[in-house]
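Which chain is which? They are A, B, C and D, in the order written, and residues in each are numbered from 1.
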Amino acid sequence: MTLIGDLILQGAQMLLVLLLAPLLTGFVRKVKARLLRRRGPPVIQPYRDLLRLLRKDVVLAENASWLFRVIPYLIFAATWVGAALIPTFATGLIFSWTADLIAIVALLGSVRFFLALAGMDVGTSFGGIGASREVMIASVAEPAMIMVVFTLALVAGSTQLSELAGFMSSPAVGLRVSLGLALIALIMVAIAENARIPVDNPATHLELTMVHEAMVLEYSGRHLAMIEIAASLKLLLYVSLIAGVFVPWGLAVSGGGPAAYAIGAAAYLVKLAAGGFLLALFETAIAKMRVFRVPEFMGAALMLGLLGALLLFVSRSL
Amino acid sequence: MNSVSMLLLCVAALLGLSVLAVAPVRTRAVHTLIYGGALAVSLIALGAAVAHIAIDGAADSTAVLPLGLPWLGAHFRIDALAAFFLAVVNLAGAAACLYGLGYGRHEEAPHRVLPFFPAFLGGMNLVILADDAFSFLLCWEFMSLASWALVMAQHRNPENARAGYVYLVMACFGTLMLLLAFGLLSGPAGDYGFAAIRVAEHGALPAALVLGFALIGAGSKAGLVPLHVWLPLAHPAAPSHVSALMSGAMTKVAIYGFIRIVFDLLGDPPWWSSMAVLIVGGVTAALGVLQALMQRDLKRMLAYSTIENVGVIFCGLGLALAFQASNMGWAAALALTAALFHVFNHALFKSLLFYGAGAVLTATHERDLERLGGLIHRMPATALFFLVGCAAISALPPLNGFASEWLLFQAILQSPELPQWGLKIIVPGIGAMLALSAALAAACFVKAFGIAFLGRPRSAAATNAQEVDRFSTAAMAILAALCVLTGIMPGLAIDWISPATLSLLGDRMPAQTIDPWLSIVPIAQGRSSYNGLLVFLFIAFSASIAVFAIHRFASNRIRRGPAWDCGFVEPSPATQYSADSFSQPIRRVFGTLVFRAREQVEMPPPGDSGPARHLVEQRDLIWDGLYGNIAGAIGFAADRLNYLQFLTIRRYLSLVFLALVILLLVLAI
Amino acid sequence: MQHGLVFDIAHLLAGGLVLVSFVMLYQDRLYALLNVFALHAFVLALSVAWQAYSQEAYHLFITAALALSFKALFIPIALHRIVRRLGIHREIENVVGIGLTMLAGMGLVALSLVVMLRVTVEADPLAREDLAFALSVVLLGLLMMVTRRNAVSQVVGFMSLENGLILAATGAKGMPLVVEISVAFSILIAFIVIGIFLFRIRERFDTVDVHALDRFRGEQQ
Amino acid sequence: MNALPFDPVASVLLIPLGGAAILALLPGYRVTARLNVLAALLTLLSALSLFFVETRVPGTYLFIDDLNIVFIVLNSFVGFTTSVFSASYISHELETGRLKPVYLRFYHAMFQVMMFGMNLALVANNIGLMWVAIELATLTTVLMVGIYRTPEALEAAWKYFILGSVGIALALFGTILVYMAARPVVGEGLDAMVWTILIEHAANFDPALINLAFVFLMLGYGTKVGLAPLHAWLPDAHAEGPTPISAVLSGLLLNVALYAVLRFKLLLAANPEALAPGPLMVTMGLTSLVFAAFMLYRRRDIKRMFAYSSIEHMGIIAFAFGMGGPLANFAGLLHMVMHSLTKSAIFFAVGHISQVKDTQKIADIRGLTVSHPWLGWGLVLGVVAIAGLPPLGIFMSEFLVVSSTFARVPWLAIPLVFGLLVAFGALLLHLNGLAFGEPKGSTAPVQASYVPMFAHLALVFGAGIYLPPPLVGWFQHIAQLLG
């Protein structure tokens, strides 16, 4: 009985993230437009786009290989699984131990790997640009992320997200410098990973500045839809990761009653909204940087993460 | 019949095969006989090794032959560690034989490969079996010698000859260093049996010295920076299945040597000596993968990535040493398991990748990435398997490479409980280095696969490549399948390794196979856990849902058209991103620091339609700084001393006279 | 008294041999060198004879005679011939100045004395003194070979070295004949082979100067 | 005293002597070559029969003990194989006319005389006799080195002769000094030169005298051993003489001289007050090793190169014996035997190679494994062996030498290993060019006798893996004797 209940919960989370992801994207766009004094598209515009894309035919470049057609689904699936394993409204879901934070980071890494391959498959110069820049950024962003993970894991004594969230919501945390550093680093990584300003511009189609968009340039129809929703899922994933780890309040504990879950869901929505708003605010506030400034930006993140971890390594021994 | 004699018989059979191969008949039959026989023998050996592991608590089986040092005899022994490495080596060996059955046909000088190939296999087995210093070194050097002969197989190419030379000199250097290590270990008593060395007591300083010598000696064979220079020269020079063996198996034998000396014979070295291992490992990992990224020769890139993985493994070993020195057995077991697991994984996917490179080589006669491309259309099977290999070596879940890296990270996360400050400071740095090298490895293999197999062909050779023979594809298929299997159920592999850690450290990781859903739990469910199987299933599940739903309810139609490419029409394949241009951003980030990379662009003046020229020169600082100077010094000394060849008789007499007078003075004083 | 006299004479002769070696070192003309070498051999013959007499080891007289006839007469004459026939220029090229050579010689003599006098006195003094002088003669001969460029003078140096050996051998009381014979034997061989070589060399080059040989060297190309 | 119908000691000496006499008389190449082989074979057999002499009473002139039997057997074995090799080598020399038939008689006779000299030196119990014998051997080799009459050959012979005879003189002086030291103890006359008697009373000798004696003997015989800085004659003598002689020089004569040094080392070691001879030998050994190792790099002449490698290995052997102790002595003996076999095998190969390529310049010999597989791989095997790679014998002996230092003076292992490594690099560098790459020079088939070469290599190979217990016991016994 409980098993079924747990399974249902897990399924609920999967559906929840899948449904919420475009909404978050739309919300961010809307807020940005508002901040720019534009009316902007309605919040549900992403859904419409997705449905439209799904219905359209796929126009495939002549020498696109089977890999090119498989990758969108792969990316979507991997991101979805990643997002489903993040504590959103509740911790300790039945499969939450399937992959810990490191595994989830690696999962996103494989998403990037295949996306880059997709960019190179058709054999156009822009795909190449995108791929090579993407891996360049990742080669710095990933260590930074790992450092953040270290910091968190050392604080909570676990890389298990549920444990992590549980620990962070407990009073044992206190206020720590390294956590602050980790938070900043994580946000910087998140910005880079989701191809947001200042690292990349999701809205641009100016060739020379593209990174993410350049890789998916050749995609169309349902494939593009898959990639779009995967991108939204990724954004959602990061926002809820930050939320779940650094503002874990309101998270329902496993085995809590429906009420708890309801509260958790509500809290989750609030966090998402706040996160989306802050992101929009941030993006409107600053300008995109040159591609080769990005490594320095990411390097800063890496340094912050390393510093945080070091502080812990040292302080824990006192 | 105990397992050791079983394996000795296998080795004897292999050596017999290599003698047989000297026979001057050059027919396909001989070729098939040699590789087929070697395949059978390696499978038997593999079986024996696995059986030795599988029989729980199998007693160490030993044998003594009246060979080698007369008063000592040649001792051979299989314990858990040896059995594990024997399994790795023979697995790689069997795969190499299978691949060789097909690949070897294209050999231009088979009589320079066939005799030495089985000997090489036998040599590696013997090193692992050896249980006294003399036999160990003898087999070690024999292994080097056989592989050297294989490197020299295409000796007409001066590059290969040079590679062979550098390789053999470095190998000899390593052996002599190991000899010093053993000399210190056995001490004045001079008993070279491992059993005697094990029980002997070693002071802190000698222990550290031994560890240093072992690190240099074994490291020079495993390819630790800065002793790695021979590796990217020698591994690509050999025929591809031998390259695979050298990268996949021989470096592992070197690592075995290090583990055997340091963990088994030496007892416990001081904690600070583990810092050396950690730092060397980290630097090796980072430098290796950076170098790999800069290569455009496919096989050389793979060789450099071998260096990276060796570095990763040594990081694990260093951690294990550090933990062991502070009596944190469980953590040491975790680190060592991670290292050994990575040994196994690397043997799998590096062999796989070299086979892929070999297939590309046979299909296109090209190793230069810049002349490949689009092979996924012409060689679908090879492409698929190579892709699996790339994903595995890039540590992507749910493949095996990730499992071992994940364990390693878990081990690093245990390190705050170490009491020593030095370790506290460097271990996070090592972690960052490992993460960096993992990410760079991913970049490197995106490049490898993307340039070689994706995109459009960059040369005629690539355009009309043909899929390779079924032996080669079979070998690749098997390895790819193993990569996936060990990836989704790593618990099995871990439990197979734990006897080794138990025998070395007296501690082991908790049994994994009892966990639900085959997930792996290094310390405790609450600390961390990972389940490759479920991740795999989930991805497969959700992907298939998506596919089904979309194709069922939305469109499933496809129209083919020219690439969009922002409206550029029919650009030539030359406009694709090339290997060099792919790695250019990363070179700009790290290159100036690590390679002294200099870029210069010569633009034609406006209106001139001549081509623009973009030059990149980068230097191998280690080669220039270290080896260049050594060679220079030796050359200088040789030149100076050479004057003594051209003296007159009188001058020679005065040398004698001088010697006499000096000795008389010594007596007089 | 008697023993004293014996000792003194032996001492005198041995010392004389050393002196003559110095004289040889001093020469810078080939013929003069040969003459002095004859003298050297002659003094050697005397001292050997005296040893034979004083030790009642009469077989030593053979050695003395050998030295006298062979080295004091035959070889110098033969060498005169060769020098004339080959038309070797008569002066000897030294590597270092005569003065310096003499100084080095002094040093060598001192060295040999020091070395020998460390020998315990149990070995009878006669032998000790003789050995000391013999050693200095040997060293001086070697010095001569080292400091002379000219082949003939090098040969002469070598033979004076052999004289030192004979002095030592005869000084060694009761040393079996085998040694003297072998010495003569070796000198004979030495001389014959040298002669062969000189002629061979003559066939090919205009000079016996060792330099001429040194020009031919497999390594130089 | 002797189960054998003949006196092996006498036959070891008389067969070569008689052979020399006969060969000096007989004309004609084929007969003499065969006779030469036959004589060498007989010598070998009688040398082997030495093992069956139950009781050995040392005579005043000749004697047999465990130490010199090893040398004699090795000596006559390599002498035999060399005579087989020289048969095919010399025939080629005659065809090409490098060697005039006139000298051929002389050559074979001298070969036997040389064998006689060396055997005599080995069985001599009288230090005077030993000296005579060694000089005899030296002088014969001098004549053989000069046999080609080319300017280079003459110069090499001349150099060899001058340096050799200075060595002669110094050794003789040393011998006299030993007698002087012995006389007060043993008494005048012959006994004072009989080694077996000397070693008994060595403890009471005057230390200063035998120190001095050892200095002279070390320099005198060391010149023959070819230890730096006394080595100068060796490379040219090897390079310019006929290759069989190079093989004999490297394989045998150096050993014989070393044997003499060993004898006197024992004498010195038996005297408590005397200086320890070890450091001197170790120093000279290391010097030779490192010096020769560096000299190897710039060699252009293949035979000269291997001559330098002989210096290097003699250095190692001297080092081992100087190090002393059962292990080191064992290593030294083993290394000496292995080196003799390997180096002569290499010279066999090199002889045929330089004949077929008609040059000794390394630069003109390329890709042998392609053009002449047997010679090429033979050379590869030989160089691999001489460079100390397993599974060949020298690996074992070098392993033992290095490890023996840990028993006495561990830090000495560092310079030793350094020298070994430098030499290794040089040898491999040259081998790379000689054996691999595009073939260069004539690829004409060569009529060569591979038997001696591969026989030696097979022995070395076998020894590298398995040493028969009797041999080991024997060597260990000797190693004990050598202290």
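Criterion: contacts are C-beta pairs under 8 Å (C-beta built on N, C-alpha and C of every residue); 3 or more make two chains touch, one makes a residue touch a chain.
The model shown is predicted, which means the values in this text are computed figures rather than measured ones.
> Which chain's mean C-alpha position is the greatest distance from chain A's?
C
> Which two chains have the most C-beta pairs in contact?
Result of the pairwise contact count: A-B comes out on top.
> Report the inter-chain centroid distance for chain B and chain C in whole angstrom, where each centroid is the mean of the CA atoms.
70
> In whole angstrom, what separates the CA-based centres of chain A and chain B?
Chain centres of chain A and chain B, defined by C-alpha means, are spaced 35 Å apart.
> Between chain C and chain D, what distance separates the C-alpha centroids? Give it in angstrom.
Once rounded, the distance between the two centres reads 31 Å.
> Chain A to chain C: how many Å between their CA centres?
Measuring from centre to centre gives 100 Å for this pair.
> Can you list the residues of chain A that touch 2 or more other chains?
none
> Which chain C residues reach two or more other chains?
As it turns out, chain C has residues touching two or more other chains at 115, 118, 142, 145, 154, 210, 213-214, 217, 219.
> Spell out, as numbers or ranges, the residues of chain B touching 2 or more other chains.
Where chain B meets two or more other chains at a single residue, that happens at 645, 649, 653, 656, 660, 664, 667.
> If I apply the definition of touch given earlier, which pairs of chains qualify?
A-B, B-C, B-D, C-D
> Report the residues of chain B in contact with chain D in the complex, numbered from low to high.
On the chain B side, the touching residues are 66-71, 134, 137-139, 141-142, 145, 152, 155-156, 158, 161, 164-165, 168-169, 172-173, 176, 179-180, 182-184, 186-188, 190, 192, 634-635, 637-639, 641-642, 644-645, 647, 649, 652-653, 655-656, 658-660, 663-664, 667.
> Quick one: which bits of chain D touch chain B in the complex? Just the residue numbers, please.
158-159, 162-163, 166-167, 170, 208, 211-212, 215-216, 218-219, 223, 229-230, 232-233, 235, 275, 280, 291, 294-295, 297-298, 327, 367, 369, 384, 387-391, 395-396, 399, 402-407, 410, 413-414, 417, 420-422, 424-426, 428-429, 432, 436-438, 464-467, 469, 472, 476
> Can you check the complex and tell me which residues of chain C touch chain D?
Interface residues on the chain C side: 115-116, 118-120, 122-124, 127, 131, 134-135, 138, 142, 145, 154, 158, 161-162, 164-165, 168-169, 172-176, 178-179, 182-183, 185-186, 189-190, 193-194, 197, 200-201, 204, 210, 213-214, 216-219, 221.
> Can you list the chain C residues touching chain B in their complex?
95, 108, 111-112, 114-115, 118, 139, 142-143, 145-146, 148-149, 154, 210-211, 213-214, 217, 219-220
> Which positions of chain B touch chain A when the two form their complex?
Residues 373-374, 376-377, 380, 383, 387, 391, 394-397, 402, 406, 409-410, 412-413, 415-416, 419, 421, 424-425, 427-429, 431-432, 435-436, 438-440, 442-443, 446-447, 449-451, 454-456, 519, 525-531, 534-535, 538-543, 546-547, 550, 554-555, 557-566, 568, 571, 573, 575-577, 581-586, 588-589 of chain B touch chain A in their complex.
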